[in-house]
Amino acid sequence: MSTTPAMIEIKNISKWYGSFQVLANCTTQVSKGEVVVVCGPSGSGKSTLIKTVNGLEPFQKGDIIVDGVSVAAKDTNLSKLRSRIGMVFQNFELFPHLSITENLTLGQIKVLGRPKEEAVERGLKLLDRVGLIEQKDKYPGQLSGGQQQRVAIARALSMDPIAMLFDEPTSALDPEMINEVLDVMVELAREGMTMMVVTHEMGFANKVAHRVIFMDKGEIVEDAVKADFFGKPRSERAVQFLSKILHH
Amino acid sequence: MKYDWQWSIYLQPAADGSGSWLQYLFGGLVWTMVTALAAWVLALSIGSVVGTLRTTPMPWIVRLGNAYVEVFRNVPLLVQMFLWFFVLPELLPKQLGDWIKQMPPPWGSYLPAVLCLGIYTSVRVAEQVKAGIQSLPHGQGMAGMAIGLTLPQTYRFVLLPMAFRIVMPPLTSEFLNIIKNSSVALTIGLLELTGRARAMQEFSFKVFEAFSAATVIYLVTNLVIVLLMRKLENKIRVPGFIASPAQITPGH
Amino acid sequence: MNAGYDFEVIQRTLPYLFKEGMTFTVTLTLIAMTGGIFFGTILAMMRMGRFRLLSIVAGTYVNMMRAVPLVLVIFWFYFLMPYVGAWIIGAARPVAVGAFMSCVITFMLFEAAYYCEIMRAGIQSIPRGQVAAGQALGLNYWQTMGTVVLPQAFRNMTPVLLTQTIILFQDTSLVYVISVTDFLGAAAKIANRDYRLIEMYTFAALVYFVICFSMSYLVKLLQARMAIIR
């Protein structure tokens, strides 16, 4: 374990949907500046786990501490906490009725209270960073999937987050657009952003991840440094999974 | 088959001396529209609130909203009209009840008609708004909350703007329905278009001329509103957004 | 009038209300539903068929029926039927058709327009891919319709058709405008005769509520059972 302070601490999280247990005693942490990739078969609970970090999915047992703030505590202002964590969704989830610029400024103005001109300036700077400045007056429906996802990343960054959560960011994209999004994420990682990424893209994991977590049936089965995970995974399920997805 | 068509009846003076029969009928259209619009404002206000509340994660509020919908949905409009007109004044404190009963026509009929139609239609508006909000991808609400918007903010800036655009077509139908349903108010004495057509028929004995005119007026009004609504829809259209496929809905 | 409520009046007139009033309402609803679905099916087939003229005629009929208030249609048929009857049997003067007959015809033809649209939407809601898949197997048009499209469409539209029938049940109360005695009419008669408006109208509302609410609930259960999971 690294000695840098933990940005995200997941402590013994369990979650049930009715009587079905979705997450079982998950414990891990993400240090500042670390990039952690979470992988696993469908239904393993990885998307659910990442959504518990910013409280979008409630959990019944355990706790999550983000930058010293407890997610489960009753007196935590969840909206405030969420504004400090960026999230990128599988289906992009840009707001279709707002222009690209407005998508980037909504959170800044309504949640962070920034004046409009400042919000627009920051938003456009980030838009330029992801390479889409010419789209600023367009609407999400007029952009391709890859472009929408890059805007979604810019939207999350516009809130100046301390950490970024990615829930299968490239799973809904056509193959030729996956790389444009991964490139943005790689750059973000290289700049030192704390990232937790649920993905199947092992090439990405190999390039920038520090650690890889493998989940199956709601449990964290393996939690290893990248080299160990790809080199000599300890659990049989991880071996099976890797063999299935690394042969394309 | 013997029927004396007499199209010139339209230009002859109406029995109440207000002008020709045609003017009398158009007066009815005015009353229809005035009733319908007032009721529509009521229906939209209440219906939007109830519909939105029914999608919130607070179970007691949802149940309250559902109860409201069920009560006003399962009683025929005419029965509700009678309750508002005959029964309500009796249940209110004596002074208020008497004041209502003494309201001169047409207000004595107009007010209960507007209240009745407004609440009856608010239920259907609530259903549409609820369906519209629930048809949005689940992720939209999450994306709103993920950037730190509170629940009310998420409804206001993310969910409702899209939901209302989605339900504009069915809401247009509901507005057209209110116009048609206003005819039920003739039973409590409101002289809207259908009521006046009936009165014209009773006084002039020109059955078909009376009802033909009313029919044509309804058809033209319907057409005009459909065209206006289409224009409005185009104005607020979200670029690049493809509307969800039409649902099979019953109703009048 | 506030000299005490007399709910006894409901008890005394229960037989009249239900034997005369409710029987009429239910009978009218069932006949109109059957006839309405029958004519509605024909209209739907005309609209979706290959002959443009039939499609236009059916479309015009449906759109007109849906643009006009039911009250007006009730008046139309009430006054029109005697002339049509005379025309049919070649009489010189309008024939007395009877209120019940005119109601039956009114509601059948009015609801047919609504049932037609429900069926059309139901059939058109089946994804095109299903038809393509059927054809790819070698089924011809009628086989595809009969074994692939219609079974699915029917399961989609049955709950909606039933809901429309519940609406029809409520709409029959409008026969009041031509002084026909259905359930509401019976209640109104007693209300005015015995000067018991509150009790009778409240009771009528309650009865309608109980019936419609239970029916809607049953339809919801049916819908859950019949739903095709895609």
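Letters A, B and C mark the chains in the order given here, with residues in each chain numbered from 1 onward.
As a working rule, a contact is a pair of C-beta atoms (placed from the backbone, for glycine too) under 8 Å apart; a residue touches a chain by one contact, two chains touch by 3 or more.
Values in this document were obtained by computation on a predicted structure and should not be read as measured data.
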Category of the chain touch graph - line, ring, star, complete, other: line
Which two chains share the largest set of C-beta contact pairs: B-C
Core chain by centroid distance, with centroids computed from Cα atoms only: B
Distance-maximising chain from chain B - centres being C-alpha averages: A
Centre-to-centre distance between chain C and chain A (centres being mean Cα positions), rounded to whole Å: 54
Chain centre separation in whole Å, for chain C relative to chain B (CA means): 20
Distance from the mean Cα position of chain B to that of chain A, given in whole angstrom: 47
Chain B, residues touching no fewer than two other chains: none
Chain C residues touching chain B - in the complex, by the definition given at the top: 1-2, 64, 67-72, 75-76, 79-80, 83, 86-87, 92-94, 114, 118, 121-122, 125, 156-157, 160-161, 163-164, 167, 170-171, 173-174, 176-177, 184, 188, 191, 197-198, 201-202, 204-205, 208-209, 211-213, 216
Chain A residues within the chain B interface of the complex: 51, 54, 56, 79-87, 89-91, 93-97, 106-107, 110-112, 138-143, 155-156, 159
Of all residues in chain B, those that touch chain C in their complex: 1-3, 70-71, 73-80, 82-83, 86-87, 90-91, 94, 176, 180-184, 186-187, 194, 197-198, 201, 207-208, 211, 214-215, 218-219, 222-223, 245-252
Residue ranges of chain B in contact with chain A within the complex: 137, 139-140, 142-150, 153, 157-158, 161-162, 165, 238-242
